[in-house]
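Dumping the structure here so I can ask a few things about it.
Residue numbering begins at 1 within each chain, and the chains themselves are lettered A, B, C, D and E in the order written.
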């Protein structure tokens, strides 16, 4: 899928409007997004360019957030990284190997309603072990371990509809972890939760990320959330979706929203977003 | 509905666990919530106490927010003020007159999906003028004015399903304003919106509130949102729903989330909420 | 010659033409011919029996002469093996006593219930032609017998054209009167005159495929039927066969005694046979129920077995050969 | 008293029973007092006693069992074929574009119209009867299965893909269970329609069954009472079995689906 | 036009292949012509039906027209009764609960089994046919109207109440429009049922109508005419349901689809 015209065009684009970008040594190029573009065929027969010339590298163990207005292509980009959609231009590699489909070490946590409603919590998680070659009892055992990790051992035999939104999202995370993925891709995972639950889950996510040292790509609407969690924040702009700016969040964890640097960054991102 | 046993019980309750409460002169008692309680009959034949001994007075032109965990009774309390549900104990008066049903000067903005899907934006707003005695052209004219106020004059002839969530919420606000209510009751009106739209609508709401000097009762799960908007924040606690504490937000508007006082209040509310 | 199969399924109905079949079984004529397992099947309607023949679920069907004619013309491979009974007198026009039908012209004032797609339709056409009436001006309603009887009781129709036992029942239950039969007029102006307007006869029908596959069995079948028919036709046996029949069918013997004279049990393939069949074909063609050119009746009549039994019975030879 | 009323109001079943009993009562009274002509429309008690005279309990039970057997077998075939074709049409786009117009064209054709062809194709035995009932069950199920497939939340499929499923396992383990609620609705409608076409099916050379009983009574000019009892029995059978299926579906799908 | 072509093409091609295979199957004797009348015979049968008629003088158009008139009469009658009645039952929860099993029962009664009764009640004329068709339509429509009125989103009712609407006005301005999509869906289902009933209804007292045509063709072993009758019913049903969908879009531009309103 290496298309030299596209590469050249994107290189030109970059030189015209340089984006603050961390210079990355090859070691840090765990996920490499090279001049990725995506067009959809529209109903009218024409086509819509949803992503254009997206270039980004993400290091191993890094926690990166995508923020941007609704419709700017965050989900699309995440899906392309997940291998759920194909890029129409450019290419993504993970650890040097091009992404050709899902299941290459990317675990995905969706916004909501992505649990299988006909399976109990533990069976949803055990579903993630399908390809592991384990037998059924082992799968369930390991699923229970993951549920314990997210603090839900007591709700193992509940169906999704019997759980609150926060509990459902914990199960989703546990299910994604079942794949033992190198990369955790999360699409607005806490968007539908109330603030309290959301903050609890943010803490939990950070704990898991620190303990298991995954690479996390996180999509959110909330600048606050991105600032609380990530190493870097990628701001996308719409029409066509592209990277507008990348912010380094050089704050020690645990972070507090009262730190001046936190607030300065917030204002900076907000200004960039609303112009 | 003045039940002396209930009043005595609630007075005792107050004396046991005093709540930080603004001492209110009679002038400030525009909305008076007196020892209000609500029980629902449960399926099993027993009954659930959802609200108990809620006492609160709200002054004219005041902007009050209710915050609290999901299920603590915010919606129920708002519905009782709106006259959509009856309190099982206690009483609410507006400008001295007991609330007996909807349409006594309370305009309500619901969380979502409350627009009439068979009416266009302008007709939805014009619906609010039903009882005004205006003729049809005048109603539409005034509805257009309100749509202009919320910045939607261009979408006047769209049906709800053709509008984004943010646009729908603006129409809802315009429709509630059409009643020219003294009181605007809003139940998590921005809950389903993305952060950017949400912040835009918050600004718009403040602008309208300041221009038209309504009394606003606002339900939200976001402490941030409550802090950005309100004069007072009422924190409700569950089982049974009751007022845990009332916070005065003595910050000048426009507010900034970077002010230390803002953050101090945030932490204070957060601590109270999570214990 | 040995028969290819010793099993026969034969459709029968509740009326007297099946005297032949029941007698053949009860008197052992089928068994003599080598059919050890003979089973009678009854069907709710003639259509079903015809469809059963096509589906090879019965080997012998004994309908009125209309279905085989329309089948043959519409490409369904059936063959007629002979006449079971000539029943010209069986069909009758019955009207309400208060309908004021005295003469043929009075039929214009009535509405008649009948099965348009049966020989009754043909009878009405013949009748109209004979008396110089315009058949298209006589109002008819397409009704099955039970509904037609009810409709006449309600005066929704003033008359019916059906075969026995319905006229018998109508006369008994509704005090209706017979104004014409397939053979005789009871109109005021020619009361008692013989007027042949019916072409109704019941015939033995088999599927061509079955006859081709079982020529010996077909022969044997015709032989046993002819034996039974001759037995039935013999006046000396009248009481015996009526008793056999009524017992098997669990019917009141008096009714059958009253009706038996409507039937003539003769197998002959002669000019009368050809004329009756042709008249039906004409009627069907005139109403576009059959497609294309009229077919010669003899092309779907198989007379060899009958000729082998008694050459005198076959005056005109059928052309169909297995 | 008010307590009784209160429990009644919350109990759908009891209220429904009261409604049904009241309707039968009104009918009985109308027939008794001559508001409707009892010979045309006999009262329920009269109908039942007339039927009792003409039918032994044994015949009735025999008719009932045969009808139930036919409905059940025809329905199973129709539901299985409907589910399979509907699911395949929803999943494999090409197959869907080919079969859907065909199904839509055949759907409005009344089951009775199929009888001539059913007999020619399947003969007069049970297969042709089952075919007619098959049609009754097939169309609702095939539509429900197709609609269900088309409205699967894509996020479920994506979630499964990220967990390494694709192809047939994805269809079987994710798409099919996700369709189950829609399928369940279709199955119930199909079950009801199977009873609806029972009478038509038993027009085909049947010699027992409730539908046969009704039609035979008409053909032989028998008693209106028997016909009414037949109708009531089919309806009651339908109502009871539908309630049972509903309860079974609720136990299975309702556990996770809520509805 | 060009864009739509590929959508229509595959089913058309598939159909063409099927028809050719069928024709050849009959020509080469794999299929019996009276079991599977070949396409050519169906086509010539159609020409014959539209010129001479079957039986003579009753052309396919008058069969179709007769049936359409009967279906429409029964259908409109059923709608005219079911809508007001359903609105009343749906408005009172107790009424709904009282009548629920009764409605399910009556809906499940096969129209064909009513045939013997209805003949006794109304005779063998047009009324019987229209009644049978109407009966089938009525109960389906009734259940849908009841459901439509009962399951109006309570948020909408609340919203309307905050504007001071109650009683009849609330009903007229909010409950009814909100119930319309369901009512429309019911009307569409009812029409389908109306078509399902026509053969049964036309089994008695007539030789005109598509149902009668099919039964008549059966008597004379004209399986190609049976098939033509079936196909015409299929095409009409298909066309009418497409027409109703278009009408619904026109009349209820806000609805989008039922799912958008139902929650």
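Criterion: a residue touches a chain if its C-beta (ideal position, glycine included) is under 8 Å from a C-beta of that chain, and two chains touch if they have at least 3 such contacts.
Nothing here was measured: the structure is a model prediction, and the numbers come from that model.
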Path length in steps (a step moves to a chain that is touched) from chain B to chain D: 2
Third chains touching both chain E and chain A: B, D
Most widely separated chain from chain A, with each centre as the mean of CA atoms: C
Per Cα centroids, the chain farthest from chain B: C
Approximate Å spacing (C-alpha centroids) for the pair chain C, chain D: 41
Where chain A and chain B are represented by their mean Cα positions, the distance between them in whole Å: 35
For chain D paired with chain E, centre-to-centre distance based on mean C-alpha positions, whole Å: 18
Residues of chain B whose C-beta touches two or more other chains: none
Per-residue overlap in chain D, given as positions that touch at least 2 other chains: 116, 120, 203, 215, 218
Residues of chain C touching at least two other chains: 54, 144, 150
Touch relationships between chains, expressed as pairs: A-B, A-D, B-E, C-D, C-E, D-E
Residue numbers on chain B that touch chain E, as the complex places them: 79, 82, 84, 101-103, 106-108, 110, 113-120, 127-128, 130-131, 159-161, 176, 179
Sites on chain E touched by chain D in the complex: 7, 10-11, 14-15, 34-35, 94, 97-102, 104-117, 119-121, 192, 195-200, 203, 211, 214, 217-218, 223, 226-227, 229-231, 233-238, 241, 259
Touching residues on chain E, where the partner in the complex is chain C: 33-35, 45, 48, 52-56, 119-120, 123-125, 204-207, 212, 216, 218-222
Chain C to chain D touching residues, read off their complex: 42-44, 48, 51-52, 54-57, 144, 146, 149-150
Residues of chain B defined as touching chain A within the complex: 69-70, 164, 194-197, 221-224, 257-258, 260, 263, 266-267, 273-274
